[in-house]
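Have a look at the structure below, then the notes.
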Amino acid sequence: MLSAIELLGVISSAIYGVLLARRNHFDFVGVLTLSFIVAFGGGTLRDVMLDRHPLFWIQYDHFALIVFVLALIGSALKRWPNWLEKGLFLPDALGMGFFSIVGANHALNAGTTPFVASLFGVITGTFGGVIGDVVCNQVPNLFRPTTPLYATCSFLGCWVYLLLGMAGVAEPITLWSGTLTIVVSRLAALRWNLRLPPTSGLPSQWTS
Amino acid sequence: MLSAIELLGVISSAIYGVLLARRNHFDFVGVLTLSFIVAFGGGTLRDVMLDRHPLFWIQYDHFALIVFVLALIGSALKRWPNWLEKGLFLPDALGMGFFSIVGANHALNAGTTPFVASLFGVITGTFGGVIGDVVCNQVPNLFRPTTPLYATCSFLGCWVYLLLGMAGVAEPITLWSGTLTIVVSRLAALRWNLRLPPTSGLPSQWTS
Amino acid sequence: MLSAIELLGVISSAIYGVLLARRNHFDFVGVLTLSFIVAFGGGTLRDVMLDRHPLFWIQYDHFALIVFVLALIGSALKRWPNWLEKGLFLPDALGMGFFSIVGANHALNAGTTPFVASLFGVITGTFGGVIGDVVCNQVPNLFRPTTPLYATCSFLGCWVYLLLGMAGVAEPITLWSGTLTIVVSRLAALRWNLRLPPTSGLPSQWTS
């Protein structure tokens, strides 16, 4: 089941990558590369840091083919249909939900403490997008104080998953509860524009 | 022979790194660091993702010394000779050619599918430059729609190498055919300014 | 003792990360994430490249809790006290000193040559800050020709540590001599604005 959840994450992240690449007017190879980075970046970082080999997209090698086909279709379309464009926040939220819980689960299985596992959930869920933003030369969404809750939702859902697991709830329920928490809280944050306040800046005199 | 090809890749990439650093007016330590990043970045990512240890530049530790000396010479020169400046696209293309084929070869030996091996070729051949560009705070060449074919040449050459190998051709021939394809197609792309069309951008209304 | 030195490095780097995040007006989650990146980035890169598992912050899992608490306090403060603001170059220099020597030591123990070990020292000591700067979309300090000596101090201190070790001096002395060299030379560079000259730039005609 975990690999099915991961597949859903790959698909939604790849679609987000295609969108981001088109918005930056990349050519086909750029679209393809960025889709790979967004879809595989977070999970690769997780696997490398947990010493899990082969990497998840080498083990399930149809993942790469799926991303390839999605990038091909996404590049060929002259224009994205309007409903897809407007509905894209949904796969984005789903991607973060799926990847976060799979990441926390893998970390737990590798023997980390729950707190470290929750960090791995956030890394897996958000860093594909962070690396994508860095490559496009913009400050990642994750760090912009003007955006609705993002990594916070991932952190929250990971703890729902972890606490239910500690309470002895069966795994399918904990997995889906965590994922749902992330997706629902992210959609709510987007809908009602929920944010954390920015921390006040320092005077610029200490500029190393 | 593979390690000889890798050595050629290291030398050409290091020279490219020195050039990039000088163009950004770095001091000596900046030149040195950027040369290391460009020369070792792609191969390090490949080795870490394939769980190959020790890393290639730890195993062949004279590689680091060579880069060090190149950076030292490159920083000491007041001006680059004109012919070197104008001929630098050649080592750049050679570097991508050498690294791509070595990367695809290592991935195959690690048991990946040919498609995944071709991705490793592209990663090894191009990501040193990508990381270098990111560090210099510019959108990597790889993603700019206005540049001549780049990663495409690497992808093409990897498939020439892989398909010849499947057809039973001897390894020295497949290795050099793949490398030559990359170098020649890259030089042709630069000479006749071959590019892929940019994918059309999305309207900016969906700006998360 | 090494893990005590590493702890000091984590604390000073986390404080530097909090400061950098506040200067960029991040919200709490951004402060937290950036602190983790700055405090764990260099050591994670080192551990992954040397194949040391579990990573140092998974093995010593109280490190992550300490960073979490520091980020929490740092975000809650309305204003930083003036003396802290002005004295922050000190923990920054300390962080680089602690991490560099620990990194060089781990590399030596993994069987690298002294030269490669000195590179690992520089990577461990400086790359947390580099990744932090990249994420904030600015050219890393390390590469700016207008800043006082930075990576140079790390390189210098690593060689003091390595040469004393080769000369047969006892480890506690070599460790602290190296660390002190880095901290003192960095403070001196800041105090008297010591820099390396920028290498002259190339004419822009060779813009690939």
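Chains: A, B and C, in written order; residue numbering restarts at 1 for each.
In this text, a residue touches a chain if its C-beta (ideal position, glycine included) is under 8 Å from a C-beta of that chain, and two chains touch if they have at least 3 such contacts.
Just so it is clear, the structure is predicted and the values come from calculations on it, not from any experiment.
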Inset, instruction - Assign the assembly's chain-to-chain touch graph to one of these shapes: line, ring, star, complete, other. - result: complete
Inset, instruction - Quote the value, from 0 to 180 degrees and to the nearest 5, of the angle by which the CA atoms of chain A must be rotated to coincide with those of chain B. - result: 120
Legend entry - Where chain A and chain C are represented by their mean Cα positions, the distance between them in whole Å: 28
Legend entry - Touching two or more other chains - residue numbers and ranges from chain B: 48, 51, 134, 137
Inset, instruction - Over in the complex, which chain A residues touch chain C? Could you list them? - result: 48-51, 110-113, 115-116, 119, 122, 130, 134, 137-140, 142-145, 149-152, 155, 195-206, 208
Legend entry - chain C - residues contacting chain A, complex: 19, 21-31, 33-34, 36, 44, 48, 51, 53-55, 57-58, 61, 64-65, 68, 74-75, 78-80, 85-86, 88-89, 92, 134-137, 141, 147, 190
